[in-house]
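Going in written order, the chains are labelled A, B, C and D, and every chain counts its residues from 1.
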Amino acid sequence: MEAVLNVDYFAHILVFFFIYSLVVFGLSYSTHAAGILSLGHGAFYGIGAYTAALLTIHFNVGFFTATVLAGLAALLASSFIGFCSLRLKEDYLAIATLAFLEVTRQLLYNWSSVTNGAYGLAGIPPAQLFGFEARQPVSFLPISIILSLFGIVIITRISRTPLGFSILASTDDPIALQTFGKRPTVLKLGVLSISAFLAGVAGSQYAFYVNYVHPNDFGLSTSIMFLAIAMIATARRPIAGCFVGLLLFFVTSELLRLLNFPAEVKGNLIQILTALTIFLVVLFRERHAKK
Amino acid sequence: MMKSLVFLFACFLMFLGSCQPRGTNSEVVIGSAISLTGQEGAGVYGENIRNSMELAISEINAKGGTHGKLIRVVYEDTQLQPQVAVSAVNKLINVDKVKVIVGAVSSGETLAVAPICERNKVVLISPASTSHEISNSGDYIFRTIAPDTLEGNAMAKFALQSGYKTAAAVFVDNAGTKGPAEVFKQAFETAGGKMVAMEVGPQGSTDFRTQLAKVKAASPDAVYLLGYALELGNMLKQSKELGIQKPLLSFQVMEEPKVVEIAGNAANSVIFTSPTIRASEAQGRTKQFIDAYRQRYKKDPGIFSYNAYDAVYVIAKAIERYGEDAESIKKGLYEIQNYDGASGQISFDRNGDTAQPPKLLTYQNGQIVVFQPQFAQR
Amino acid sequence: MTSVRPLLKVSGISKSYGGRNVLCDVSLEVLPSTVVCLTGTNGSGKTTLLDIICGFIRSDIGSIKLRETEISHYRPWQIARLGIARTFQETRPFSRLTIQENLLVASPMKDANSFFRIFFRPKLAADELRSARHRVDKIGTELFKGNTNVRSADLSFGQRRLLEIARVVCSNASLILFDEPVSALSSESRKQVVQIIRTLVSDGASVLFVEHDQNVIQELADRVYKLHAGKIV
Amino acid sequence: MRGQFDLLIQICINGLAAGAMYSLVAVGYSLVYGVLRFINFAHAASIAIGAYAFLTLTTYLGIPIVLAFLLASSLAGLFGWTLEKVAYHPLRRSSSLTPLLSGIAIAILIENVLALAFGPAPYRLSRSSESDAIQLLGRYSILRVHLYMLASAGIAAMLLLIMLRYTSLGRRIRATAENLELAQVRGIDTDNTISLVFVIGSFLAGVAGILIAYETQVTPQIGFLPSIKGFIAALVGGLGNVGGTVIAGLLLGFFENVLVWQLPTVYKDSIAFVVLIGFLLFKPGGLFPNKWKRF
């Protein structure tokens, strides 16, 4: 009597897998290649989600335009962190991105005339693409796969060209890079804005898939989750590393959900596993980093 | 590297596909998507709900279960985050093949999972989300807790009857407390009253001294304090510390023992609305539930416990009458009228909401008693 | 033959750090496709002068003219784009990149280096990249016997020195500043470096290099400036 | 008008109270950053450990308050020591990103372990006079625990200044802070010095945790907001400048509450973050950024 293959469960997880992949591709590249540790990607994700939600609810903009505008909104927001990265070095920049995240979250909560504050925004129409409505997870999956491929193309395209080598060089030795006419800060800002754009696009997908957005989803725990996944990647293989990180994350969180751990322990266990992965990856990479 | 990646991805897909729905057909499986861990005291609400559901199920199963089958609950943690709630509900619907889910806790989560339950024709019954925005989010969506409009209006009526001309409100920036505050303001002002201060505290903060100082300066006739497990206790304590002499009004979160533990004797003589009565004056089904809960868990039931207990019973009642598929549960629930539950009289309207009439209660040296309002008859 | 206008004209450059004047009133010229040597004891301000010319350090007074443009207030990347490249005394490879990638970063490419063009002008970027790769491989085989995808962090000191010089060659700058190019090199690679500098000059580039080794100076320098305690002697 | 005047005074007192807590937390931050030039994200964990240790010692084991106070804070200090040995020492030579990440990881780890061990619910420290309000001039109120916070922040700052100026440990700390390699060359056991700095910083965080617990309640997230606000105060005061940090903490608490006198009170927390961004961008040295003499 039970369906052999519960497609919806399968599809739902894969949709989130590919939505998160977009954010994580950008974040891992900006962290490892451009050396910008950002705790603010939860905010870019949120800004993308809210932009798409507001555009579709109030101005019934189409799915595609809303997604592009959501990405651009996040890109615009990233200019603030870009400005900070000009003047601050790594650890101060990380704190500035944390402040940016918290201010954005407070804004989403308090600007209730626009964002409906703590009630969140309901009634976001599902994604319409070429005439059919993607209501079920299965029908939404192709969209998120395509957009994830879009993210892969962008990041690999950059990392394989001399532009990508210059980006790596901008962290290795910005002084020497300048003697060849390249501008390290412009390169870093370029990477940051592209990763913010991808996070914004992912945010709009989340809005269209869940048809509801709430400020509580775009706080520090989301940023840290993205960072934990992005940690696995390396500058040389950003995409492959992210896939390993994503697989690790989803398998552990879904596995824990399926094993009948007492429910109240699961939430903490997932967090503890995330923390341990970050810690072990950082320690492992430190031990093997060639000087 | 690519080969190993593809291989890894393949096992991931197989792993996902392989998780067959468990559950033999000799038992009814109910889903429960509640916050068991997370920020802002999320775990407290989950624990209250889980304890009451387990209590109700053990009682029902002791009497042979429902529709000839025993009941089992699968719990999923939502961490008070809509994003996590969506995945939790997805797993309950698609893996555990549940037809009814008790949850979610915060209004944000319920609004996020409601469309999924509607789409998959699964009944969602929330024991905790009070926002009035949930009322029309679908005909599979029910609640065993009254919408915030009820308590807001009831307290406004009481304030007007007591002759208060001005009032102030201090609440936290989340749906559960913002709703009653705004409803109270609307009702109070339409009837001629005047709100002299509406002070909001940011999420997760426990320091309301400045908000309360502004309220004290506005010298209202009464102060309406709204917060949850981590906030309300501190609001009360800090009002006493700031020497606010005016009568303090509040809502059903006052039932939560943790709030009184934090507030200490500041909780005394706070007038609050709540459909249930904890401790001394409770009678009938509520008293029976309180005694059973204390006997099993050695502590008093907290907020949402009563509503979760009733949720299980009304589900069992619906299944008993029409069967365990979602349509029958839905039909059965809509037919439940003035069911005498632990959280008061439950009757579902066409929105799936219930309206247990809130009673006026207060604390006297640590005990909840019914508040006898001596309105000056004018 | 004073009618030939100098490629680089440094005049009246002074720089002092907290009271200690490192350079005072230094002037020199580099004529097109000539080799000029700057020599002097350690700490006589040679590297500081190079840093000032490259824009890393701002001189207190004085002017630097490249052909007609005054570049003393330009930023390092602006000066580089005008065709000045340099090597460093302590080698500064891009450690995470391979030799080939180091050389590609050094080669001037407009299309393959802009975020905009690699997406919207992929064809142009691809052609430019192909020709650059071709030049880089030629230099790679010449200097590193072909194995150019070795991470530069794993190179020996001598190889890193060669990499710096190869990078400068790839950048086909018109003026190249060498900071002790042959110091601590084996005699065999020392000859190789001198040979490269000669070919560069014959291709029309000019060179200003800092050096102590007298016979290298003899071999290469058309003109020698001697710096002693910040002043030209 | 009388009401508004009273309100302003009470708000200033609230500002003082909040500021006292921020300064106490910030002193620990400033010390650690001053020496190592990096931000210890796991400072929140030391606060939580101090609070929970005190809770267990007093409520469950019934140890007298003063003894429990010292024991709990030294337990937090011990945590600081292990934190440095496990999470930061091995990463000393890496880019300053990695210690940040391991700090975040430890902060999450401790928060969740405490939530598992003690449950998510808030606890109240046993009823005692520390948290009763004192009426000033009959109209304004401040908690006794706020005065304790103010006192301990001041005492801690003074003790630290004296220790750093006149004791051999102080000289070793300043040498390590000035230049790690140079200090090593001069035969100073820098690793031991750095661990001691962490012990002191976390001990102070433990003290702050206990006093915060008295002020409100004990939850796994007790250290989160105070540690961020404490860091902002440390930065505003000039990282590494213990004296300036205490003053900056008071100023932050003061402005946070006073600005909200007219603005809607919901912006209270965002003000602190806007202050942080402002100082990070335009005055990263903080209010009193004199060079190393700042100790």
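Methods note: a residue touches a chain if its C-beta (ideal position, glycine included) is under 8 Å from a C-beta of that chain, and two chains touch if they have at least 3 such contacts.
Just so we're clear, the structure is a prediction, and the values are computed from it rather than from any experiment.
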Provide the labels of all chains in contact with chain A and in contact with chain B.
D
Chains sharing the largest count of C-beta contacts are A-B
Greatest Cα-centre separation from chain B belongs to chain C
For chain C paired with chain D, centre-to-centre distance based on mean C-alpha positions, whole Å:
51
Averaged-CA centre spacing for the pair chain C and chain B, given as whole angstrom:
72
Approximately how many whole Å separate the CA-defined centres of chain A and chain D?
32
Using mean CA coordinates as chain centres, what's the gap between chain B and chain D in Å?
36
So which bits of chain D are touching at least two other chains?
112, 115, 264, 266-267, 269-270
Taking each residue of chain B in turn, which ones touch at least two of the other chains?
37-39, 43, 47, 173, 200, 202
Which word fits the touch map of the chains here: line, ring, star, complete or other?
other
What chain-chain pairs meet the touch criterion?
A-B, A-C, A-D, B-D
The answer for chain B against chain A in the complex is residues 1-2, 5, 8-9, 12-13, 15-17, 19-21, 25, 36-39, 43, 46-47, 50, 75-77, 79-83, 86-88, 90-91, 93-95, 97, 106-109, 111-112, 115, 119-120, 131, 133, 137, 173-175, 178, 200, 202-203
Listed in rising order, the residues of chain A that touch chain D in the complex are 31, 35, 37, 83-84, 87-92, 94-96, 98-100, 102-103, 106-107, 109-110, 224, 227, 231, 265, 268-269, 271-272, 274-276, 278-279, 282-283, 285-287, 289
What residues of chain D sit close enough to touch chain A in their complex?
38-39, 87, 90-91, 94-98, 100-102, 104-106, 108-109, 111-113, 115-116, 228, 231, 235, 264, 266-267, 269-270, 273-274, 276-277, 280-281, 284
Which residues of chain A touch chain C once you look at their complex with the stated criterion?
154, 157-158, 161-163, 165-166, 168-169, 171-173, 175-183, 190, 194, 235-236, 290-291
For chain A, which residues are in contact with chain B within the complex?
1-6, 8-10, 12-14, 16, 106, 109-110, 117-120, 122, 135-137, 206, 210-214, 216-217, 221-222, 237, 240, 243-244, 247, 250-251, 254-255, 257-258, 263-264, 266-268, 271
